[in-house]
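Structure first, then comments.
Just so it is clear, A, B, C and D label the chains in written order, and each chain counts residues from 1 on its own.
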Amino acid sequence: MKIFGTSGIRGGIVEKVTPNLALDLGRALGTFLEGKGTVGVGTDARTSNEMLKNAFISGIVSTGTDVVDINRAPMPTTASHSTMEIVSASVIITASHNPPSDNGFKFFRGGREFIRTEEVFLEGRVKDRNFRVAGWSSIGKVSTWDIRPSYFRRALDFVLERGEKADEMRVLVDTANGAACDYTPHLLRELGFRVTTVNSNPDGHFPGRLAEPSPSNLEDTMRMARDGDFAVTIAHDGDGDRIAVIDEDGRFIDQNRIIALFAKDEVERNGGGRVVVSIDTSSVIDEVVSAVGGSVVRVPLGSLQETFELPWRDDIIFASEPWKPIFVRFGRWMDGIVGAARISQMVAERGNGSCITLMKSIPEYPILRENVPCPDAIKPKFLAKVKELLVPEFSGIEQILEEDGIRIERNDGSYVLVRVSGTEPKARLYIGAKTQNTLDMIADTARIIMKQARDDLSQ
Amino acid sequence: MKIFGTSGIRGGIVEKVTPNLALDLGRALGTFLEGKGTVGVGTDARTSNEMLKNAFISGIVSTGTDVVDINRAPMPTTASHSTMEIVSASVIITASHNPPSDNGFKFFRGGREFIRTEEVFLEGRVKDRNFRVAGWSSIGKVSTWDIRPSYFRRALDFVLERGEKADEMRVLVDTANGAACDYTPHLLRELGFRVTTVNSNPDGHFPGRLAEPSPSNLEDTMRMARDGDFAVTIAHDGDGDRIAVIDEDGRFIDQNRIIALFAKDEVERNGGGRVVVSIDTSSVIDEVVSAVGGSVVRVPLGSLQETFELPWRDDIIFASEPWKPIFVRFGRWMDGIVGAARISQMVAERGNGSCITLMKSIPEYPILRENVPCPDAIKPKFLAKVKELLVPEFSGIEQILEEDGIRIERNDGSYVLVRVSGTEPKARLYIGAKTQNTLDMIADTARIIMKQARDDLSQ
Amino acid sequence: MKIFGTSGIRGGIVEKVTPNLALDLGRALGTFLEGKGTVGVGTDARTSNEMLKNAFISGIVSTGTDVVDINRAPMPTTASHSTMEIVSASVIITASHNPPSDNGFKFFRGGREFIRTEEVFLEGRVKDRNFRVAGWSSIGKVSTWDIRPSYFRRALDFVLERGEKADEMRVLVDTANGAACDYTPHLLRELGFRVTTVNSNPDGHFPGRLAEPSPSNLEDTMRMARDGDFAVTIAHDGDGDRIAVIDEDGRFIDQNRIIALFAKDEVERNGGGRVVVSIDTSSVIDEVVSAVGGSVVRVPLGSLQETFELPWRDDIIFASEPWKPIFVRFGRWMDGIVGAARISQMVAERGNGSCITLMKSIPEYPILRENVPCPDAIKPKFLAKVKELLVPEFSGIEQILEEDGIRIERNDGSYVLVRVSGTEPKARLYIGAKTQNTLDMIADTARIIMKQARDDLSQ
Amino acid sequence: MKIFGTSGIRGGIVEKVTPNLALDLGRALGTFLEGKGTVGVGTDARTSNEMLKNAFISGIVSTGTDVVDINRAPMPTTASHSTMEIVSASVIITASHNPPSDNGFKFFRGGREFIRTEEVFLEGRVKDRNFRVAGWSSIGKVSTWDIRPSYFRRALDFVLERGEKADEMRVLVDTANGAACDYTPHLLRELGFRVTTVNSNPDGHFPGRLAEPSPSNLEDTMRMARDGDFAVTIAHDGDGDRIAVIDEDGRFIDQNRIIALFAKDEVERNGGGRVVVSIDTSSVIDEVVSAVGGSVVRVPLGSLQETFELPWRDDIIFASEPWKPIFVRFGRWMDGIVGAARISQMVAERGNGSCITLMKSIPEYPILRENVPCPDAIKPKFLAKVKELLVPEFSGIEQILEEDGIRIERNDGSYVLVRVSGTEPKARLYIGAKTQNTLDMIADTARIIMKQARDDLSQ
């Protein structure tokens, strides 16, 4: 069984992310650190956190490495903790937006998520069980540390450098009964907003809604946003790296436009720079970023952190996957909390208290995302076949990206991306274009080609 | 300055409830306990709690009495703590539903609020500064104790004795960003309800609404109740002794009917018994309670706890002021949390998932509550004069109560109550009747009489 | 591998008492409790405690059972905790007097150690790995509780019922850098003694001496006792169930006399009653207990707790193994802390400030304890053979006990006990008599017989 | 009443250092910090600490300044905490070596004690009661922080830069039942020493001895040092800034020689530099420091911290009052804990495991310290008169210091210092010389002159 996925470790607590795995991961991490240093351990609000945290801590100290228990802390806060001087690594126990029956682990060093080589080391140790074992006199120690004040101070400093304190503008916040309950509402309040909260008592049963901040899970919240008197509404997932934005009419705003908004702002402030986004994002980002002198790089899903090890890493000033902005000037982690603060500030300052007004600065183009069947057996050859068949159908091709699926970009700003799922017998189709007409034509073509590729390979 | 009001101590933190008063109150309480025993100290979620708690604890231990710091805990939980074997008294630092700039203290022994004689002792010590001072070798000690589990176990036992677990019925809960945030939502969830929360991250700035769960403060919540899909909606004040109930149409339910609902249920279960309510409650309570074989006693506002020292105290099975039910079989404190659990259970079981249906079991009669001017100078003689003038106007008088205002009850179920305010130049008029017509006639008469009394006395 | 020994679980942390065993034990205990109730978890001061405690807690909550973390607490305090209303069981992580590289687990219910049938259940689950697994929504919770105040209050109540407060009599206390560091010195001080401590900062490295309070480990302390001005000196092991006593001349007092002292006192107060002691104790106990109207029962080592399940359990008023007194009127656990308090009180009250004077009330007879070789192969038949050969050698036999070795008691108060070791190729010989002459004669005979038995069986 | 003395604030808890003073000091400190920043608050082990700490914290947060509660922490650890980035000031509640009925406050900024101007500010606010009062929305917050790990890491780094790990050399440590109980023994153990502790369970009753580590209080410890097998014995006061050293023969070593030992070592390592000592220290320091290329500056008692504000402050590499070494390269605070580590290392490395051998490197000259009567009335003119009479009596005068008493230094290394007590009707006479003969002659002369001065002024 592969332990790490595209975003750390996740799975059901009975069948995969068990106390035994937690213990082994602790031992593996301590082995990685050679039984030295200190690891910060935080959690979201899930019911299985204490169970996993205790086993994980046991594993870490068994190698000689010390632990700082930072208790419940959002993912951004945990990541931020890993940049502190005495901290060798920080780990959050969370399954992010997964169902309550899941849990998982995410590892950070120096503010960024573990890269593949680091994950491979941990996975290797869990599999070969070649763990460091400290003798009785050098077992690690456990202390506790209230890191909330330092994260708040850093976040406030960053955000107030970019904008003013607000004057009682109303914001509705839905923190998914998760780790951000004690963070986003208070941070916004300290920034001068008048905050009403929904689903903001930490509860690992996720009683109010499922943790993923998708439109279908946010029905109640979107209705409250529409019926109430809020300039903007923010929703998180369970650990606070994700941000969803709903306008005052209760409409859910496309993630690509949120990324574009943040990216444009950071590039403008910096007078240029690179923006790194995942392959599944739309070309609206490129349009607004290039308009202010920046450039966009696309990388495979779950790979943003790898770019922080590349030679041009210092040029990156913003990065994002859908929902998950990385404000590089603040830190190299996904931060929905700072995202919430920034979007609220922008609504106040640039939107004059209207999210709708603010978002007018970012074009809205049609996009499409759908799944098509794709048997596991043909997956190894599927993308090459799709490329072979699809490329001749398009004129004006500017660029073809093949690191994670096949993405074809055209000179009219349209693009098509085909990826295969790692866990289901499906392929995923993403299309963006400036007009619905163009999008429909691309979609028709792509569906036909994908069916043909499937048929060809299934024979 | 009088320190205690009708409900413990309350006031602004800069002008009245200062660190110095907190220190003195701690010294007074330790003096009351003769420098022995242990005091539990809890708080609601106000910004000034740590300031006052620290000074208060200092004062207590300076007398030799020990302290258990129980941290943030609702009023019912703090009161419940005072019934534990090693606990001499428990105190919550809270200003209940007052504005965020206020704070206060409420004292409990053996589960009930301090009675007047106890308050008089504390007030006396604060004034004469005759405090016990422990020598260095007998200063009190401070420990901590997580009392949430024991309150939950007791509350669950009590509530599950009275009803079943629910099957995912949806409840909306608004805990006023106060002390009940970690209690009511979780208790309801453990009882099987599907809970959505609003204003339920603890925040002493009360960002979502003011702490008093009155219709004007609950506009957002009432709209959510109406537009959403909730069987019933519950709102608390800052410390969780108060409960307001909103039905699925978003209508705020009259407190008298909530009291009547609880009282009837407890009396029915017990096969009779006494219900004690404050003077300002309506006769609908008497109607439903007597129908199931119980009787109702009315006492001055802020005096329920005094009845627990009377000879017939063991006959009391339910007591209440508006908003604040005391489930005597559970404990002698006001408990909005258990109230929330019981009302939700009744909506599920008796209302078949409809609060409106449930409330049909309690008649809805017109009531009136209004203020009329009443200069401080005439107050000493005002009530006697009103009585003199008013009694002759009414036929069918059954009973006249004079302990707290003048209340005249008639044999058609109507009543009129006139009280004078302790803090403002006003008198308060309360009327209830079975028809609007009757009520209007009583109101006309009462207004005229009160004006005449005022005129007579002002000459 | 057998997990439980005669006194809970003990072993090296790398080879036996590992995080994995701790996790499994937690799961087994939660399974035993059917995923319900609450378990208190305490530790001594060892370096491996946090490692094991965290894994153990993870295992417990994974079954649905809750945990109260009581942190560092002596064995008696942990046992006492298990008698509290909401506590289903309490466990201390300790290896008692073993070396620092070891650790272990001891389980309590209702104040007494787990009996064999309970241990067999846990051992069975660890072996067949048939653990209860809670679903995500019913995983246990962890809270914390400072139990020191309640143990102190109970201990003070018990001890002050039996004696007065002292007047500054000096006592030297050596708590083995273990769990009793925060207990015995403070309890004695609250009882009015002037306490000087040695090796009383908690430190799992046991820097001052090894944890077993034997004469060879207590050389420094015995010298301090002799050279200083202390009425009596008390030494514990790592978890505080054991007590060793040193008089003002620095002489280590035989455990049998300490047991006799306590037993006599409790029997006298009670006006009779049964005393239960382990098979390896001397007849001086019988002598002093019968003189005050009590009777003595001998049971196998590690079995005192079994007697608390027998029909005559309510007759037991004191029980003890060497070093480990159980004051039954206080609780059914071994309590070196209360033992320290009682012996200090007796030195003050009956010894007039002299331990030597006090101990004159208990006769001092010669005893012998030695090991002789005994190959594992012959062990199964060795004791029967020794009995066959030894019994004819003695006149005046009053009683022969065969539950744990073979013990022959004679009417002159002498006795001989032969046991075989469970872990080494040895037999153990214990002899007591009223004169050295008698003891020497019994010893000569016993050594010859044991050699003969060995020779006969080895052929 | 003057609040600050030469070493912070100290006094009886009933008459001076009361909860009310603590509250006011907190308000004054927060006012000094303008209601901003964060204050660390630690305590020693006194019985009155919780009482004072709670009131003090209340006062601080009432101004808007935040608090980090660092719990029990020695003075050096608290001082070290004040150098951390987010910390504006740190305060320890301690009365150092005073009796248990006293307590007090010591304030630090950036690692050094508050200087006079800062103390004057605090004293002014307490007296004029002109405190900053935060509104309800800006009251300070309280968090907790386990600072032990960071102090340990810093101390270990510093000490291991200066010496090796030891190989089980035995050290006896007596931490006065005070704040260093959890520090010095563990630090030495981590440095490889085998540590036996006495009086090392924290207990504010100081049951083992009074907190001042003077020969008369250390009788037990000196006897243990003599009779036991310890290479060196270390004793602290209640808060760990003081260090007393006892050799393996149980002899108490003169403080001047300990200062000389440390000063010489630091100067040698640095290749020169200034050493600042208080006026009451002997010339042996000058002798050894100048021999390795350094120079010595003398300042009034209680004034070392003032020199860290002088232009030549960066030249200071070591500073000390008797008992209280400041290792400037480590930090600008008195640190008996690091002193204990360094002296132990030197005994191991330079003394080959013998304190006596080590101390041979520092000459031992006779010194004298005695009190003579000096009525308060004549104090204002006493020193001038003594100077007038005394100077003509001596030849070879090299220097006369007059900042704190009158100190005459001669070219044979002898000196005489006369000071008047601030609290008693006494003058103090200090003499040092290279031979007993010289010392006796100076003493005779000084006594005569002081008597004459007294007589002259009393007429």
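The rule is simple: a contact is a pair of C-beta atoms (placed from the backbone, for glycine too) under 8 Å apart; a residue touches a chain by one contact, two chains touch by 3 or more.
Predicted model only: the values in this text are computed from it and were never measured.
The minimum number of touch steps separating chain B from chain D is 1.
Here A-C and B-C are compared, and the pair linked by more C-beta contacts is A-C. Taking each chain's centre as the average of its CA atoms, chain C and chain D sit 46 Å apart.
Computed from the mean C-alpha positions, the centre of chain B lies at a distance of 54 Å from the centre of chain C.
Measuring from the averaged C-alpha position of chain A to that of chain C gives a distance of 56 Å. The set of chain A residues that touch two or more partner chains comprises 141, 205.
By the touch criterion stated above, chain B contacts chain C in their complex at residues 38, 66, 86, 141, 143-146, 148-150, 153. Listed in rising order, the residues of chain C touching chain D in the complex are 175, 177, 181-182, 185-186, 189, 194-201, 203, 205, 207-209, 220, 223-224, 227-228. Note for the complex: chain A touches chain C at residues 13-14, 18-20, 22-23, 46-48, 50-55, 57-59, 61-62, 100-101, 133, 135-137, 139-142, 204-205.
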